[in-house]
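Each remark here refers to the structure printed beneath this line.
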Amino acid sequence: MKIKVIIPNVGMARSTLDQREAMLKTYARPDTVISVDCIASGPESIEGDYDEVLAAPEIVERAVAAEREGYDAVIIYCSSDPALAAARELVSIPVVGPGEASILTALALGHRLSIITVLEETIPGNVGRYYRLGLPEWRLASVRSLGIPVSRLRDDLEQTYAALLATGRRCRDEDGAHVIVLACLGMAGLGARLQKELGIPVVDPAFVSVAWAEELGAIGLVHSRISYPKPADKVRVSLCRSEPTKPGPREGGESEAAQR
Amino acid sequence: MKIKVIIPNVGMARSTLDQREAMLKTYARPDTVISVDCIASGPESIEGDYDEVLAAPEIVERAVAAEREGYDAVIIYCSSDPALAAARELVSIPVVGPGEASILTALALGHRLSIITVLEETIPGNVGRYYRLGLPEWRLASVRSLGIPVSRLRDDLEQTYAALLATGRRCRDEDGAHVIVLACLGMAGLGARLQKELGIPVVDPAFVSVAWAEELGAIGLVHSRISYPKPADKVRVSLCRSEPTKPGPREGGESEAAQR
Amino acid sequence: MKIKVIIPNVGMARSTLDQREAMLKTYARPDTVISVDCIASGPESIEGDYDEVLAAPEIVERAVAAEREGYDAVIIYCSSDPALAAARELVSIPVVGPGEASILTALALGHRLSIITVLEETIPGNVGRYYRLGLPEWRLASVRSLGIPVSRLRDDLEQTYAALLATGRRCRDEDGAHVIVLACLGMAGLGARLQKELGIPVVDPAFVSVAWAEELGAIGLVHSRISYPKPADKVRVSLCRSEPTKPGPREGGESEAAQR
Amino acid sequence: MKIKVIIPNVGMARSTLDQREAMLKTYARPDTVISVDCIASGPESIEGDYDEVLAAPEIVERAVAAEREGYDAVIIYCSSDPALAAARELVSIPVVGPGEASILTALALGHRLSIITVLEETIPGNVGRYYRLGLPEWRLASVRSLGIPVSRLRDDLEQTYAALLATGRRCRDEDGAHVIVLACLGMAGLGARLQKELGIPVVDPAFVSVAWAEELGAIGLVHSRISYPKPADKVRVSLCRSEPTKPGPREGGESEAAQR
Amino acid sequence: MKIKVIIPNVGMARSTLDQREAMLKTYARPDTVISVDCIASGPESIEGDYDEVLAAPEIVERAVAAEREGYDAVIIYCSSDPALAAARELVSIPVVGPGEASILTALALGHRLSIITVLEETIPGNVGRYYRLGLPEWRLASVRSLGIPVSRLRDDLEQTYAALLATGRRCRDEDGAHVIVLACLGMAGLGARLQKELGIPVVDPAFVSVAWAEELGAIGLVHSRISYPKPADKVRVSLCRSEPTKPGPREGGESEAAQR
Amino acid sequence: MKIKVIIPNVGMARSTLDQREAMLKTYARPDTVISVDCIASGPESIEGDYDEVLAAPEIVERAVAAEREGYDAVIIYCSSDPALAAARELVSIPVVGPGEASILTALALGHRLSIITVLEETIPGNVGRYYRLGLPEWRLASVRSLGIPVSRLRDDLEQTYAALLATGRRCRDEDGAHVIVLACLGMAGLGARLQKELGIPVVDPAFVSVAWAEELGAIGLVHSRISYPKPADKVRVSLCRSEPTKPGPREGGESEAAQR
């Protein structure tokens, strides 16, 4: 199975993307191919609705390109699930939103979950995304933040882990969390250690997303066209010039639907 | 008071925009100035998440420009409220979403409301927007569609009205609606006649939005910065070239926040 | 437009009522006429269900009289919205409940609101009114009280403001409120100053109610007759002798529906 | 145990009230004393909020009198539960609301209930009362009406029963009700026959209310003072002249709290 | 009326069971017969789902036997309501679950309730049972535990009462409870004293269950067969050899439905 | 990875169990080992709460044995998820409930789902299980039944498929389902064909359960001990003599926790 991972941030080096690919293969099926790309037009990180607006156009282009190139599933590598619905409208392969997949997985692990996000400013967005799923307040113990912006999370992983551990303890001891959900892909890889030290399950969105992509792809489950209808053909003016989406071996060009 | 109305569609003639301005002044305060613009980059109409993604970047630019030009409030002229949260993050004047304002107004008029949208494909999005507000199922009688795309709504207003009347009757008689909400700005101006014929309140999003903009602007109520935090300063690459947002007498240029 | 404001308290001097009229005109449209009356039979203030029961019969009489005298809208000047549904049953002009209008307005300003009421004893009633609208727990940060009875709120406005500020800070900092709703008309006029000092929106029920009355009256939106059916003609014995509701130039007599 | 039953209607003959007493004793404990009164000031029946407003002042007076006269519990004999909260504020003996007690009992009998009310116009009020308890939509199968006003229900009991049977069948077969709640005391006594013919439980509010009054009275359970705080002492002008509430052997006078 | 009380614990002496019978008669109707039994196969106390699984087969056998022996109602004497639905499927007399009956009663006494359970480990189960009824978060103030296992609750009643009082105060003062529900039958008999000292209603599950059994039995209300369908006849292999359920004067044998 | 599948029915031939093993391997990872067993003491199928009560004791014994024998995950092969919580209390490897896993997966595929169960009598149980997860009514389009008991589902797969197709069409066309969930493992293997013909996703519980077991096992996610606490050591009398659970190479003996 071939999975395309779209990181909705600009300015990541190819070597960094390769490291992500290696990490994501940790628990994947032996025959799973994972290809990680970032976008060329958008913010350096997603930390709010404005960032999502800027990243979204290229995310959907990339998802369309991935399907055309034969990928079996797409992961939008951000717990905010930016452009998730729009991408699903455009393609007919599974599109995994790590935020959605992590929360749904957590619901099978315990009665009440806490979500850990990066900044105090990103708490309201996480609260909103939880309730948009239709989930009840009694299963959400809390949403807490680390106080570290996305772009700094991986500067010093020990420091990030220390903040995660302190925050996770407050979720468990003060808020009554039974399960922890890490709500930023920048925290990827720290879940297993945190789970061991906290003694309660910690959902690491990176690995859960790969597992969901594999599961849906293997079984042949794709989002419903009634929920995510194919956009009708009509005039759509795109003045964006996102060079990397020009037709080519890997990234492809603008989708047909996006052209006039 | 000066209100900027942003229509998130491309390709509308200035004369059409002027007609909208005239219509929106019908119930406005005598001293209210209403300025209507459409966008240059995006879809010809908003009928799904992909359309919203394409329109959103210029909507937020326009909102920023409106604030800089001294407008007191902004209306994003679409019941889907595209880019509403992102625009609120960027500006400190009220940003009215007609979908949100219409539903909240309807809640004060009756116990159960029906929403009338354009297409069967846009029903799920309307259902989702209603629940995202946190509202309960028992106050939503139904969401029904006319079967007419946005771009055709004003081709033959009598025919559109006939569809509205037939649909409104089903909402009232089969679904138990106490109040009707028109969920497309293309239906603007047809509410009063429909209300008279159905005998129950019909919320016309165009006029309600102007009233909310006036109310919030007059009283000095603006969205909360905790709900809509100001985006942090960071790298944001925008490859969009939306000419109309270049600095100028009316539309202004890219917001500072949107530049690198 | 002519708006009748009914204060459901007894014993207010005409000069005090005139001051309220002046205050309410602050943000009103230039051509709006506001007429403020209090009731002659009922409690000195509304601080519970028993108080509402005593005030309700005259409130509905006054609403009926206002309609007969040509008013375009009625405001029941109390955040408990006493007799709101009954008044709507009897008249065909908009009847604004400040509690309802304030909360619906607050929902468009931020994700989570706190309600500030007068006494610890009035907290449960405010909680109940919020949930009766069908709103979800996650959008209600808290309900807090000042510890000042209604009749004392305006004795020393500085002291009342100090209590409001202290309480509002706890709502924002301890309860996570994004927006504050003042839930007593005795707090009218203190919202703007509080909003400035707290840095989050504060909904002042007095001004919001006038704006809603203006909006609904201007656009022609009246409550649904399905939600608020016209009472059938039948025997209704009223042994109340509320002199001010006898027919006359301003207050009018008992409504026909209320007579035998 | 002595139970006072307050019928919130005017104009009932003493002989009719005595019949109600006899009927209510059917399933009561042998030593239970049931005393039934109607009010002198109010509507001939409760069929909306305006009717409740007119009946409420005397209901609370009667409840206060009952406590003073040594009754152990009060039943407000109407499924709308008019003045229930106000009466609880004033007295320290259990006050049973037949609407509330019937629905709570029904929840222990089956997963989904239907409510049968008198008129189409009283459906919205019943829907509202259900949701005010905080109950979920999935447990409410439907609210249906007989099309017979309260004052006619007992004119021809066979005809009323026939309407109940037809309506109950639709609740069971079309709406998926597992349990039926009769939502008008005028239907009292018809539940057992209906239950037998429908084959699902039918909650008859009259008998359930007596049982709740007995249960609460026997065990010593009274409503919480935090939910229903004792009204503070203050000016309350009552211009009502409801002769029957003057002090006397059975009806008592105005409560102290209600006097100036 | 004859009520069978099934205690789902093993190893209780007949003298202890007789004491329970005596206690349960405190508030019962004079003519009510109460017969208390415990089970022979299962755990010594119910403190989790595994305990319920072990106790359930004999609980349902006992309920079937009780009906065959002419009992008018059954009480499953545990606030976890183990095997409640299964027992209802098998018998056509009322089966009272003390947890369900207590919470429904509490809802008529105040707006918000707190539940007191035995152990921290039993809190999640109590939270779950509350929400399974479909009740809303805003009516649940908290679930707290005493830190005393079921088997120790009655070793030193003064110590248990002291823990209840301390916990009840926290529910009232820190969590905002208006009503307390005792969620273990081992706390039976301590409610009245606690209620007096806390000043808010305390629902004692033992007495409330007897009252519900009497009420349902007297009025003739039994659970709905649509909610609790009679099990179809089919192969059911039971390798359990629970001697006490062999046919006999009091306990009866395996139900027919349970045989092959 | 080694997965133990426990079918909670009695009387299945080893050859039938082997066929299930073969079917379940269809989409599994190449290195996954799947071992399928049925129980020796319980009903021939799970179609209600009584059936669950009878099957539960051996299900938990089997789960304990599986862990002891080195299995990495357990699947309780029934959409009712019988004994799911109890099994999780006892073991520290993932225990997958097909009902829970199917619904959570469906939530990521579309906005509204319909559940197809076997009998009209099993509809209420399925409704209850959905709401117990805390999910909202608006995401549940309907629960419909085939009218075929579990034991007959695989007698004539074509006839079962025809019933599924007819029922699925009604879910999609009359109830507005966007996704279908098959709620009986007896329907396993028919999902893909149904999905193709209906044009909307169909969640087949068998394959989804294997995928969840693989995912949780691979990533190292196990249920939370706070939600599912380890049962305390205490007296538990088990009079069941379920021979197959005696210690042995494959099934193992009674768990220690289950012994006295």
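We just call them A, B, C, D, E and F in the order they show up, numbering each chain from 1.
Basically, a residue touches a chain if its C-beta (ideal position, glycine included) is under 8 Å from a C-beta of that chain, and two chains touch if they have at least 3 such contacts.
Everything numeric here is computed off the predicted structure, so don't read it as measured data.
Each step here moves to a touching chain, and the least such steps from chain C to chain E number 1. Shared contact partners of chain C and chain F, listed by label: A, B, D, E.
Most remote from chain F, judged by the distance between CA-atom centroids, is C. By the residue-number overlap criterion, the interface of chain B with chain F counts as different, with under half of its numbers used by both chains. Averaging Cα atoms per chain gives one point for each, and the point farthest from that of chain E is the centre of B. For the pair chain D and chain E, the distance between mean C-alpha positions equals 29 Å.
Mean C-alpha position of chain B lies 55 Å from that of chain E.
For this pair, chain D with chain F, the centres built from the Cα atoms lie 46 Å apart. Within chain E, the positions touching two or more other chains are listed as 111, 124, 128, 131, 134, 136-138, 178, 226-228. Chain pairs that touch one another: A-B, A-C, A-E, A-F, B-C, B-D, B-F, C-D, C-E, D-E, D-F, E-F.
Touching chain F in their complex are the following residues of chain A: 27, 29-30, 96-97, 100-101, 104-105, 107-112, 133-136, 138-139, 172, 178-179, 192, 195, 199-201, 203-204, 207-208, 211-212, 214-215, 218-228.
On chain F, the positions that touch chain E within their shared complex are 10-11, 40-45, 47-54, 56-57, 60, 83, 85-86, 89-90, 121, 124, 128, 131-132, 134, 149, 151, 226-229, 231-232, 234-243, 257-258.
Within the complex formed with chain B, the residues of chain F that make contact are 111-112, 136-138, 178. On the side of chain C, the complex with chain E involves touching residues 124, 127-128, 131, 137, 140.
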